[in-house]
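Read from first to last, the chains carry the letters A, B and C; within each, the first residue is number 1.
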Amino acid sequence: MNRYAMSIDIDKCTGCGACMIACAVENNVPPLPQSNDRKGITWIRVFPVDNGEQGDTRQSAFLPMMCQQCDSTPCASVCPQQAVQLDVKTGIVGQMPERCLGCRYCMTACPYHARYFNWWDPKWPAGMEATLNPDVAPRMRGVVEKCNFCHGRWHAAKEQAASQGKREAADYTPACAESCPTGAIRFFDLLAGTPEAGSFRLLEKLGTETKIYYRSKRAWVKGLAEAPDGKEHHLA
Amino acid sequence: MPNQLIARGLKRCSTAQFALWVAPWFALLAYGVYAAGLCLVKGLNQTNMDNRFAFGLWIFLDLTIIALGAGAFFTGFLLYIMKMKELKGVIYSAVVIGLVCYSGAIAALMVDVGQPVRAWFTFWYPNVHSMLTEVTFCLTCYLTVLIIEYLPILLKNRKLRDVPSFLVFEFELHKLIYVLAGVGTFLSFFHQGSLGGLYGVLRGRPFAFREGLAIWPSTFFLFILSAVAVGPSFILVTTWIASKLTRKPLVKPEVLQLLGRISGVLLSVYVLAKTVDTLIWINHTSPNRGFAAWQYYSFEPFGTWILFLEIVGFGLIPALLLLSKRLRQRPAILVSAAALACCGIALNRFVQTVQTLALPTLRFDPFLSYWPSWQETGTFIGVIGYGVLVYSFSYRYLQLFPQERELAALPVVEEEQVLVER
Amino acid sequence: MFHTIFLSAFATVALVVAITVLFAVARSRRSLSAGRADAIRWHTDFEALPSRDRQCRHVLTGELASRECPHAFDCRECLTHPKLLARRRPVDQFEEEVFGMPYPSDRLYHRGHAWARPESDGTVTIGLDELGRRVLGPPDVTDLPPEGARLSVNGTAWRFQKRDAEVRVLSPVDGEVVAVGAPNDDWYLRVKPFQAEFDFRHLLMPCEIRPWVMREMERLQLALNGTLADGGTPMEDISAAYPKANWDEVCGQLFLQG
């Protein structure tokens, strides 16, 4: 039995963005050159953050954000047509693009801004279709999508295990964790391991019971897990 | 040769003048259809909504016009179930306004969703825990009820009622109107509430989240209260506008004053409930979820002035004005107070939709702003054009105001013509 | 469980709405086949009249100060009417002329300005009264029902067209048309009543004519915005004197149209 979670060491993240690219390639996210920053699709997104100070005391870091795979989802309960389903066994919050109406209520509900809408028809430039991942279905215009812990890889792992006569999925690694050069992203099984000591989750007081555990030795980074404090904490 | 389609005893302008009146509204409707068409064909990238502002102008205005259209069910409830006979003078107008508001909102919603053809999925895979499912079911049922309630008004048209089967059907349907009024009240109670529930249940947005009663957050009840408070006010304002545009009295002044009084009483209750709810939210609900209430108002332009304007400026003040019998008897104050109440509801829906999304939820979120694109405003301009057109045609060819005839027949001696010979 | 409650609530609502509409349809079909369309039409038209036009006949005669007729001018059903009739003093002499207009006392008058005269052979002759004739003026088109047509009280007897006006003259009797008047006749229809005894309690009696005609002239004045000079006789063709007036509206008021 596998119950998946992620542990992210913010102090190790250099903001290189390899995870973002690996994710887009793995999950057939369309390039969308016509998009702006706020309409693009980034299942994982690295946020440049700072401690809100100016000048000498200013410190910065990079915070990779993706769907926090909440155990107490704010999104699943609001979808009018059950297109969002929390798999209680694996802990993965699944999204069914074929059933999605595109009402975007789940996007309103998510405090982590982890959900992305297909504002355009997905199009790949000529020749780029050759790079598409055959294990992952591309989505259509007008539906919501988000990180699903590389569900395509999970399915492949299940098939591999089944071919070996095992019922549990084999271990697999999502694209982001696989591509991270510093090893800041660790994908693990909650039933086999635990997050590191001192890990915190974002907006814990909301009771969303997320499964993305962040850690940092810097106190101000820990503060970023709390609600807004009226100060600006982001670069750019 | 006066128009045989127009009811006897009613003065209406010539067909040419009417054509001149409707032409610009048709143009607006065409503009709206084009704007909406672009969104349907090219996709929602035509709007300025984005991943942070998943809801924008359309949802804000949809919620507003559904609240304003609450006058339809509430007037029906007061007339057919509470037997307030004076409201007979405005019930048909209220039904048309309701029909226009709800059909317009649903039309805008069909453009707002990414896959409108999949709308039936909500009925096939309903998520009974979602407020939006409840809204979908209720709105669909209620629009059907409104269309059925519009039928008798339509069938009362002078030429249509010459057809015996139409005349008799209208008569028989009217005998059962109280059933439809009851169903309409039941449905409206739930969908007005669920629209509030949409925001009250958002655990991830402490600005909007409220605790409440069982599965229903306090915003469920506040939305119902605000809708029934503003419904009569909107009927008042639209009747007054119609009266001014057509330059004739359409209802007796007492009817408008009664609407104002009902609005005033309910608005007062709402302001009280809203104040209590806001205090609980500021001191308890929001801080318990880790979000201090003061920081919501630290982003320009959404300072605390918006809260005071909503509750005091557009809430308490019109409520007090409408509660005073003396002030209600002055049309300028009556209509202004009603208009202020309508603005208050619009502001409340704005705060719930746009401000909720503008505010950051993570400490490293920026505060973002949003301005609708011309396609978005165009779509809604089309809805307004549609509404004015339906109302104009209904006013001209159907007898929307039963008291109009009586008021028009009041003696106005214009000529001194001698009727008899000596 | 929640699922069941939710879906059954909406199913119930949908069912209630559907049943209501179907009920209305079923009742309509029954009413239509029972021939009640005319009665329903008159009832809805009557309800649409302003209060002052729905006053009881006993208000016209001064017996009552004010009373809105609760029976749509069908005094056959009224319990108050016979009581007030019993209190009236019998009158021998009836004036044949009112305001210079002939109102023969051999006939009874309907408030919609038709008259009914029972004949010796059991039929009833129907015509248009003098005020009605003068207000309408020479009709452009007269549309009489064929022989064998069935009339009901307060239903449509025959139709006129004059300028922009479309007038349905209301029938004073329930019966079958046995003869149609020629253009030169002073009567329009001859009707055999359904019941052997012709019930005419709902029609105005000769002693009520003067106050009624006076009231009608006041209503006419209001409709025409004209001034009523006391004591004069209405002109032969009032319609000709008001070429610009909305004749549809004027006739509508006088002939109790909806």
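Observations
As a working rule, a residue touches a chain if its C-beta (ideal position, glycine included) is under 8 Å from a C-beta of that chain, and two chains touch if they have at least 3 such contacts.
Predicted, not measured: the structure shown is a model, and the values here were computed from it.
Listed by label, the chains touching chain B and chain C alike form an empty list. When you average the Cα atoms of each chain and compare centres, the chain farthest from chain A turns out to be C.
Centroid to centroid, with C-alpha atoms defining each point, chain B and chain C lie 42 Å apart. Centre-to-centre spacing of chain A and chain B amounts to 40 Å, using the average Cα coordinate of each chain.
Per-chain Cα centroids separate chain A from chain C by 79 Å. Those residues of chain B in touch with two or more other chains are numbered 126, 129, 133. Of all residues in chain C, only 2-3, 5-7, 10, 13-14, 16-17, 20-21, 23-25, 27-28, 31-32, 36-37, 40-41, 43-44, 48, 50-51, 164, 166, 217, 220-222, 224-229, 231-235, 238, 241-242, 246, 248-249, 252-253, 257-258 touch chain B in the complex they form.
Residues of chain B touching chain A in their complex: 43-45, 49-55, 112-115, 118-119, 121-122, 124-127, 129-133, 136, 198, 201-206, 288-292, 294-295, 298, 356-357, 359-366, 368. The touching residues of chain A, counted against chain B in their complex, run 34-36, 38-40, 47, 49, 63, 72, 74-75, 77-83, 99-105, 107-113, 115-121, 140-144, 202-208, 223-230, 232-234. Those residues of chain B that touch chain C in the shared complex are 1-2, 4, 8-9, 126, 128-129, 133-134, 137, 141, 144-145, 148, 161, 164-165, 167-169, 171-173, 175-176, 179-180, 183, 186-187, 402, 405-406, 409, 411-422.
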